[in-house]
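Structures are listed in the sections that come next.
Heads up, the next two complexes both have chain A, just with different partners, chain B and then chain C.
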Partner chain A sequence: MQLPTGTHFDSYTADHAWWQTKFVWFRMLLLLFVLLWVIPTFVGDYWLSFLNMVGYTILAAAGVQLLIGYTGLITLGHAAPIGFGAFACALSMYLLDVPYLLAFVIGMVAAGLLSVLFGLPCARVKGFYLIMTTMAMQFITVDIILTQFLGPLAGKGRGGVLAIEPEMFNIGPWIIYSVKDAYIWMIILCVIVMVFMANLMRTRVGRAWMAIRDNDIAAEALGVNIFYFKLLAFFVAGALGGLAGCYWLTNLTIVSPEHFTFGWSLWLVGVILIGGVGSMYGHIYGALFLTGVLELVKFALIPLAGIFPEAMEKFLYIKDLVFGLAIILFLIFEPKGISYRWWQIKNYIHLWPFSY
Partner chain B sequence: MLHFTEILITGLLVGGIYACIALGWAIIFKTSGVINLATGELTMIGAYTCFALYTMGLPIYVAVLGMLAIALGCGVLTERLWLRPMIGEPVLSVIMVTVGISFAYKAIVCLIWGADTRVFEPRIFPMESLMLGPIHISQVFLYSFIVAGIMMAILIYFFQRTRMGLAMQATADDEMAARSMGIPASSVYRWTWVIAFMACGMAGALLGNINGLNVSIGYMGLLVLPAVVIGGMNSIPGAVAGGLIIGVLENMGDAYISGFFPGGVKTTFPFIVMLIIMLWKPYGLWGWIKIERM
Partner chain C sequence: MALEWKREELRVEKEIGEPILVVEDVMKAFGGVQALNGVSFEVRKGEILSLIGPNGAGKSVVLNCINGLPGYRPDSGRIIFEGRDITKWPPHKRAQVGISRTFQKIELFGGMTVLDNAKLGRHIKMKTGWWDGGIYWLKASKEEAKHRKWIEEKVFETCEIEIYRHRTAGMLPYGVQKRIELARALAMGPTFLLLDEPMAGLNLEEVEDMTRFILDANEEKEWQCTILLVEHDMGVVMDISDRVVVFDWGEKIADGVPEEVQNNPRVIRAYLGEVEETYITRR
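Moving on, here comes the complex of A and B:
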């Protein structure tokens, strides 16, 4: 951590603060001002919905970051708690007329419990076998529970699609109706999740998780109850997934099992790998990068569509191709992700003119 | 009872094809420790190249040989380009490289051939079912099983009798010792990928011949994972047995259990069984129990 010359602290609290100097405070408040006022005022609806997609990816990847980056439990089925949370929230609003905020909490808890249920085998197995459990969670939850049982509750013959009236998403008097409202709600949720995760990692729980990630046998020998902490990690990650699912519901007002495919689970892991595993901002960079690159590909294809009419139909495949190549190339050439590169750039600027 | 026997036999016959894919997976894992999530795409590439050569009018033997040659090229390229730089990287990175490979290859196949279902025309195997006493056996399944069996026999012979196969076993056992005995480990890795490509491609061609070809053939790559978990990941016979078990389970689940559920059982039933087996015997039926030290 580089600090300007002459900066010193009189207390540990000040020394451990996230934002240590007035300049950083000013920068962060400026960022918040830009995010909450400048962007929604001056940016059009198309780009706002693009940012909503980025925000949803950030929220969804937060749980994956917690599991893979901090606890070392590789999950390839994180779309399952996201979808389960979204369906729990939607169904409790649709069938029981629960107010949105309460349904939100229900969705988070339900997703967390689902995640714990499928995390139970972690008592006996780890590594590849745990990956298999999370994959089983993906297929059992999305293909059977959501598609066959929870979806049809909303009425037969809708293919498991649930639609909620946009007027029902209200927090007190504020109705989340337009793209702009969804954007502001997204920023609020992202800030809450960031603050929560950043502080959780500095408590006993977070340190126990990191000990498990680095060497679980050593952690157990040091007195960390690894079964309890692994299940806790599954619960918190599942609840964060549920939060993302509930946000997705506000953003789109419909929810379908097709939004939570195995591909989406893999996509989330790709997001944190490209952004940086075990980095506090990793999933933010990853989400911005991947969603942004896809947007660029889309814009690059539009002029091509005049020459090759089939270019737009094949967008889906080109998107997959770009994603696959991005993951491979990042892992080969920059395994530590964008956040490490960003850290290097910051160091370069800090040390200038003596940077090397 | 007759119905049961028919389902069992069909399951075993389909399971033979799955076993072929599982063999391809297990050889890679056993030798280089790479958990390959791109198996389905290896299957797809084999199936589509075989299909393309066959629809060009080549006889099926030539088409299959051409497919194997292309599989050889793809295997060498895949290993050299994407897997070689990853030696020594953490497990998650290697897994995600195979995920990246799977996305990219699936996209390339879809860009070339499109997502519509294709059928091998004219059919290679006769469609009528064979009567064995009172039991119906579909000839397509039977011949596919035989072809897959021959393929597996060749691969297992290669693995256990030839010089390169023995080098693979040595590398699987202890890479350091193998290297110091003069075994070129990188060429061993290359050949494991070639073998995996060939086995999966053969299985893909057979599957495409049964149901028609479309993107969902890539799903086989996921189905192979319960097979190897049930069989035990370090065990080649275990992988074959796991494949057979998965074939039977899938058909049994479809026939007997799907009546109690609204649907979707056939695809998820192997995973449910796998979960139960993992709770009871975490290292599979024939796998090694790994003892960890600090």
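Moving on, here comes the complex of A and C:
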């Protein structure tokens, strides 16, 4: 903990606060101002939709971060609650005419319950076997439930694709219609999710999760009901996944099981590996980095299209290649992720120029 | 002599009460190894009971059975705590009735700060659920501040680790980690404390400190814990224990006040082999 000289606290609450100096408050408010006003005003639709993709990745990876980074339960099937939440939200709007906000909550709860259902084996199994369970969640949910049962419920379309009229996404009088609206909605959701998760991690529940991650036997001996807290982690992570799915719906206005492949699950794990496992900012850095690198690759390939037309045709493979390469390079050179490096840079600046 | 003072000089008036924990005829086998072979003893309220014995005698197994760690359910026999049969309870339920412990090999939450470790120790006394915790500013912040105050003023004060509060537990020196473990165990405000080799690997000064903390936990008004101590450091054991129970090959071979046990020929033979008696004093 590093504070400017002369800063001291009179109460434990002040010592426990996130933003402990006026400067940090100013910085954070400035960031919020930039995110909510400067960017939507001056940035064009292309880059806004890019940021929407980043935001969706952040929201989706938040649950993965909670499970892998904070509770130590490795999940390779997080796309399942995301997809299930999106479908629950879409179907309740489509079939039951539920307003968007209520459908949003339904989607979150449904995704949370699905996640708990497949988390139940964690009472008995650990490690690899639990990973298998989460993979089972991925394949059972997306490839069977969504494709075969929930998708055709709408009675239209093909392969379980659901389209929803953009006008239906309204929060009170505000209709989430344009890219800019989706962007604003994304920022609001990201802030809420970040605040909620950061709060959880500094109170009793988050501590119990981290205790399970670090040393489950000691945690149990000290009175943590491990089974309950693991299921709670699955529920909250699933609900966060559902939230991401419900957001994705507003951004695209259609939803298909194809958006929630096993590859997307792995992608989310890659995001937190690169961003930093067990760090509150890890999934933000990771989402920015991975989505950004793909953008860069795209822009690098466009001028090459005339020379190597194959590069454009096979972009999908190149995308996977870049993802794999990024993970390998990070595991070799930066195993603790971007957030750790950023922390080191900050420490260096704090102590500069007398680092001893 | 390392520890100049004797227990009698510092002795606080304390009452040894009724048995708080009774271990009745507990058997436990791991595969073909009979780790515990019908062990019975009792711990009385307010006392420090030491469990000693050669390596592999079954001391830690008894402790784990009392604590109910996974894989340590007794094959037969009962463990009764404050009149309740806790033999089949899960560990977290045992914590809720006031049984706390430290571990032989340090089992801290390495990625969390010292303060968070202590707060986790206080887990069962706190109530915040996931919803209140996520909202934080309504209820959780008050509870956090209240328990933080308690931990700082009682636990950190007793174990003298205030300066480390915001440090990551896993990155601190071994001696300090041992103290943090004791602090974490004390944070729940236990009535019964299981200490598994709290002095293992400490230097002389740290042993003296640790002994002081254990005596504080036993005697000071705000703690008054009954303590079951497993320890190899005979100097400490003989100085601070009210009673000593000696194990050998999964069986109890002696039970009594330190002087009695020290002079028990069976103990000397079993525990020390053929080495002369003077060896039983410290170092």
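Miscellaneous remarks
Note that in this section the second predicted complex is superposed on the first by the 352 of 356 C-alpha atoms of A that agree within 3 Å, B and C clash if a C-alpha of one lies under 4 Å from a C-alpha of the other, contacts with A are read in each partner's own complex, and residues count from 1 in each chain.
The definition used in the following text is that a residue touches a chain if its C-beta (ideal position, glycine included) is under 8 Å from a C-beta of that chain, and two chains touch if they have at least 3 such contacts.
Bear in mind the structure is a predicted one, so any value in this text is a computation, not a measurement.
Once chain A of one complex is fitted onto chain A of the other, the partner contacts of A:V179 are absent, as it touches neither chain B nor chain C.
Legend: residue contacts after superposition of the two complexes on their common chain; A:G206 is shown touching chain C, with no touch to chain B.
Residue contacts after overlaying the shared chain place A:A80 against neither chain B nor chain C.
Judged by the touch definition given at the top, the superposed model places A:I217 against both chain B and chain C.
Comparing chain B with chain C, more residues of chain A are touched by B. Judged by the touch definition given at the top, the superposed model places A:F196 against chain C, while chain B stays out of reach.
Contacts of A:T13 after superposition: chain C is touched, whereas chain B is not reached.
In the superposed model, A:L288 makes contact with neither chain B nor chain C. Contact with chain B, but none with chain C, is seen for A:I318 once the two complexes are overlaid on the shared chain. Shared interface residues of chain A (contacting chain B in one complex, chain C in the other): 215, 217-218, 221. Chain B contributes residues 35, 82, 85-86, 89, 91-93, 95-97, 99-108, 110-111, 222, 225-226, 229, 233, 261-265, 267-268, 271-272, 274-275, 278-279, 282, 292, 294 to its touches with chain A in the complex.
Listed in rising order, the residues of chain C touching chain A in the complex are 67, 69-70, 90-92, 95-96, 100-101, 103, 107-112, 116, 119-121, 123-124, 126-130, 132-136, 140-141, 143-145, 148-149, 152, 166, 184-185, 188. The touching residues of chain A, counted against chain B in their complex, run 68, 74, 121, 124-125, 127-129, 131-133, 135-136, 139-140, 143-144, 147-149, 152, 215, 217-218, 221, 262-263, 266, 269-270, 273, 277, 314, 317-321, 323-328, 331-332, 335. Residue ranges of chain A in contact with chain C, taken from their complex: 1, 11-13, 16, 196-197, 199-200, 202-208, 210-211, 213-215, 217-226, 232, 236, 278.
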